[in-house]
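You will see two complexes here that share subunit A, one where it goes with subunit B and one where it goes with subunit C.
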Partner chain A sequence: MFTYIVRRIVYVIPIVISVALVCFMLVHITPGDPLVAILPADASQELAAQLRTAYGFDRPLPVQFGLWLWKAVHGDLGHSIATGRPVLTEVMRAVGNTVTLAIAAAIIGFSFGLLFGLLAGYFRDTWIDKVATSIAIAGVSVPHYWLGMVLVIIFSVQLSWLPAVGAGPGGSGQWGWDWEHMKYLVLPAITTSVIPMGIVTRTVRALTGDILSQDFVEALRAKGLRETHVFRHVIKNAAPTAMAVMGLQLGYMLGGSILIETVFSWPGSGLLLNSAIFQRDLPLLQGTILVLALFFVFLNLVVDIAQASIDPRIKRG
Partner chain B sequence: MSAITELALQAAPAGPARGYWATVGRRVVRDKVSIACAVILLAIFLSALLAPWLGLADPYHGSMIRRLKPIGTTNYPLGTDELGRDMLARLIYGGRLSLLIGILPVILAFMIGTSLGLIAGYVGGKVNTAIMRTIDVFYAFPSVLLAIAISGALGAGITNSIVSLTVVFMPQITRVAESVTTGVRNMDFVEAARASGADAFTIMRVHMLGNVLGPIFVYATGLISVSMILAAGLSFLGLGTKPPEPEWGLMLNTLRTAIYVNPWVAALPGAMIFAVSICFNLLSDGMRSAMDIRN
Partner chain C sequence: MSNLVEVNNLNIRFTGERTVHAVNNLSLTLGEGEVLGLLGESGSGKSVTLRALMRLLPKKRTQISGTVRVLGRDVLALDDDALSAFRGQTVSMIFQEPALALDPVYTIGRQIAETVMRHEGKSQHDATARALEMLEVVRIPSAKRRLDAYPHEMSGGMRQRAMIALALACKPKILLADEPTTALDATVQIQILLLLRELQREFGMSVIFVTHDIGVAIEICDRVAVMYAGQIIEQGSLREIVRTPLHPYAKGLLASTVHGAKRGARLETIPGTPPSLDQAPSACSFAPRCAFAQPRCTAALPPDVQVGPNRSARCILVDPATAGA
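Showing the complex of A and B:
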């Protein structure tokens, strides 16, 4: 087990460096001069050259990458062009709000996904299965940003039950787990939860079906075990894979929140990314993507190790 | 079964055995859901393609005095948008760009990914490591984030949006293609082709491609649904199509401010994306189970 963990961690290092390289290169695939957002429109040639030297853009790319990586490792992702604040501070504050949203969505999406998936797999080819799979397929096919709009139309515009946008009193700064804040979370969380709900349902349904058709289940039943006990075996066998899928989905929710956060003006990393793109705030864009991708890589690592440690069938050699 | 009927069955002329693809085709055609989805998709495709000849209103022609008319207004069966343009016409014309930017990336990714996967799987060794480890890097990004990172860096535009989505889907297809190819590589018929002196390119093109294409194709059709949602999503953010082009994602974005005035008209473009996406998903599921002949 220990060697497996070490190997898995060592394997992550080249990935992390490549991710950093991709984020670094993002600025350089940008059409035009990377200085364009900083330079005043009427800047002189000398000023441009001066800034180019100040930002290190006159050095060869590999040197620039090395310097950038060195700084990034030490927690310095540069300063936002729009606000002048350190990128890391901005990103971490926003990521906190995205984590809140993702966790709320995960609780909703995973509970319903597990429930629907187990029911559909257990009562395969009955009406229960048909209903559950229809919900799941709708969940994975719906453009979630549109669903967000529809929910706002129903619950905010027509019924006036819930607020349409924002994150409650105090703005993005102070979050609290009381209704004054939570009511802002309801619609974005439901909207975020539909895709993971659909995917977890489909995965768990397939898993349950596979496990129930195996011989050992027959043996358990022949032994006279009650169905509830058989079901416990099914859950035990499905758990590692289901957990891995859920871990991955959590990562997607954290990294792919831009559309929903834009619809609901939720002050998370997605909204930050959105403003970075449209203000051409390249250091902020680079930093946000790097942090989100690293979160995703780290989450994948944790999921892999967790899966290997609870599932004795995974080869650790 | 009696011995006589068994004999009769044996004596019956065998006739040409139905091929694999013919069986798959028959199974898909028998599946009511798949057929319904295919019909809906065909209708949306054809109406988008033939839009100029359907006698619709001009999708670009607006009017300040008839902005945001509700659904069911005379002459405007689906109402008008925030600039007074006919929604029905814009939704149908919108299919042209929406379908293009949604489907083209998957087609491109399918071609590039299949080639890369085939090479990686067939050649193996260092080539495989080089291709597959590069692919791994893309897996370090959630797909939405990768799409947005690339189009955000490249800037708004249809081409950039297609490029970024191709980059998102290419790694996934490459992985599937590689694993399918690795499975086929050591089969006897490939060995036979190699023994007969065929070169690597011929083996890949003639002997392998036909055997690996099916599963990769089905996987790719499953991606179209995601691609439609993401492509429209990029436009929705302002990273894809530019106004005044009719495109579902962009229409959804510009109508977002109208939800307090005329909510259900504002929701229409999203319903189109949803319809196309769910039909592609169901069709892909239908094909997948049809190809799983063992069941």
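Showing the complex of A and C:
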């Protein structure tokens, strides 16, 4: 197991370097001058050249990359062009809020997804299956922003039960797990949870059906196990794949949804990306994407290792 | 001799997109300490018959009529609790593909132990001790280490031994074996057969052994029932069936193996194909392939003619007066 983990980590290194390279190149492949956002429209050639030197844009690309990477490794992702604040601070705060949202949505989406999926798989082709499958299809096909707005209209505008936008008292930087804050989380979390709920339902339904049709289930019944006990075997067989799918879904959610965070003005990485794009704030964009990409790589690693540790069929040598 | 199993007029029909009359008017008995072979080509209803004895067939799509009595109990009438207590304790089954019949994510030890815990209410510790004992009984080398092995870490032969250990862990009176050696190499096959025969005597079990392989049947059976299209078309002692088969189908089967019955000899030597099972038989099912077929054969279903105490055949040519000798 230990060697498996080490090997898996070693494999990650080239991926991380490629990710960094892509993020770095982002500035250089986007059309237009990276300085255009901060240069006054009537700036002289001289000023432009000065700034270019100040930001290091006049050096050869590999050198720029080396310098950028060196700084990035030390936590310096530059400063936001729009606000002047360090990119890392901005990104980490936003990522924190997105993680909060993702965890809440994961708890909701995965619980219902597992429940519906197991029920649908076990009671295949009965009305239970049909209801659960319909919910799953609705979950993956309803547009996010539409659902978000419907929820806001019902629960915020009509009923005034829950706030529609923001992250509660203290703004984006001071989250707390109390009702004063959490009531801001309810609607975006529900909106975020429907897709993972639908996908987990579908996956677990298919998995359960597949496992139940395997010979060993008949053999379990043949040795006299009660149905509840057989069900435990089914769950243990489904767990590795279900975990992988949930890990991936969690990954998507941790990436932050631009749409959902914009609808609810949730100060997460999606909203940050949105403003970075619209303000052409390239250092911020670069930093946000880098952090999110690394997050994904790391998460994949964790899911793989977790899967290998619970599934005896995966070779861990 | 009292019968442990008595099946009478069993009919099994699968409904669904296609109706399959898998078992038709089947009656059989199994005596104490007896090994009965169910012999027949693929699709003749052997596995379905075996599963009916444990009521393992899918509830929704299966229609069963007739009676199945095991140790005097009416299996088709047991409630779910009684049924699950009966399975694995009174009657056990071993399967054709041990690789598929064992749960891939549970260790061998745990799979055996959970059966013991289920039926004998033993602690995990005692049940694991029994599992170890059983692995030794089936002569799995370094049994203690194998307790923690997963099925995919073992060879086919070892897996089948583990499956046998599992099936025998609660000392069942009856063992149902569904082609347990078919998926194995020839040399492993004979080892498993020898092991089964030895354990059958040691445990005093009665066995129903399903096979399509006459050579295998000769190795292990006391009595043989030959199946065709969901019916038993002839049954008798191994000796009678091998020496003087009465039914033309049985004759055809045996003719191909007269020159030294080899294991591995498939029952495919008779020209033609078995009938479709979409209707219950109203004539001799073998008539389209039978060299002796006459109009009488297709006018009605030939009766099962009793030709001796434990001997019968379903063919109009069989005469109880002459064939009994």
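As a convention for this text, the second predicted complex is superposed on the first by the 315 of 317 C-alpha atoms of A that agree within 3 Å, B and C clash if a C-alpha of one lies under 4 Å from a C-alpha of the other, contacts with A are read in each partner's own complex, and residues count from 1 in each chain.
Just so it is clear, a contact is a pair of C-beta atoms (placed from the backbone, for glycine too) under 8 Å apart; a residue touches a chain by one contact, two chains touch by 3 or more.
These numbers were taken from a predicted model, which means no experiment stands behind them.
Undergrad: Hey, is it subunit B or subunit C that touches more of subunit A?
TA: More residues of subunit A are touched by B.
Undergrad: Is A:142 contacted by the first partner subunit B, the second partner subunit C, both or neither?
TA: First partner only.
Undergrad: Going by the contact rule set out at the top, does A:292 touch subunit B (first), subunit C (second), both, or neither?
TA: In the superposed model, A:292 contacts subunit B only, not subunit C.
Undergrad: On the A-aligned overlay, A:49 touches which partner chain: subunit B = first, subunit C = second, or both, or neither?
TA: Neither partner.
Undergrad: Name the contact category of A:259: first (subunit B only), second (subunit C only), both, or neither.
TA: In the superposition, A:259 contacts subunit B only.
Undergrad: Going by the contact rule set out at the top, does A:302 touch subunit B (first), subunit C (second), both, or neither?
TA: It touches nothing on subunit B or subunit C.
Undergrad: Who does A:220 touch here: subunit B (first), subunit C (second), both, or neither?
TA: second
Undergrad: Is A:312 in contact with subunit B, with subunit C, with both, or with neither (first, second, both, neither)?
TA: second
Undergrad: How about subunit A: which of its residues touch subunit C in the complex?
TA: Per the touch definition, subunit A meets subunit C at residues 214-216, 218-227, 229, 233, 236-237, 240, 311-313.
Undergrad: Under the touch definition given earlier, write down the residues of subunit B that touch subunit A in their complex.
TA: 133, 136-137, 140-145, 148-150, 152-155, 225, 228-229, 232-233, 236-239, 252, 256, 259-260, 263-264, 266-267, 269-271, 273-274, 277-278, 280-282, 285
Undergrad: Please output the residues of subunit C touching subunit A within their complex, sorted ascending.
TA: Going by the criterion above, the answer is residues 54, 56, 80-81, 84-89, 92-93, 95, 97, 100-107, 114-115, 118-119, 150, 152, 166-167.
Undergrad: Which of the residues in subunit A come into contact with subunit B in the complex?
TA: Residues in contact with subunit B: 14-15, 18-19, 22-23, 26-27, 29-31, 137-138, 140-147, 149-150, 152-153, 157-158, 251-252, 254-256, 258-259, 262-263, 273-274, 276-278, 285, 289, 292-293, 296-297, 300.
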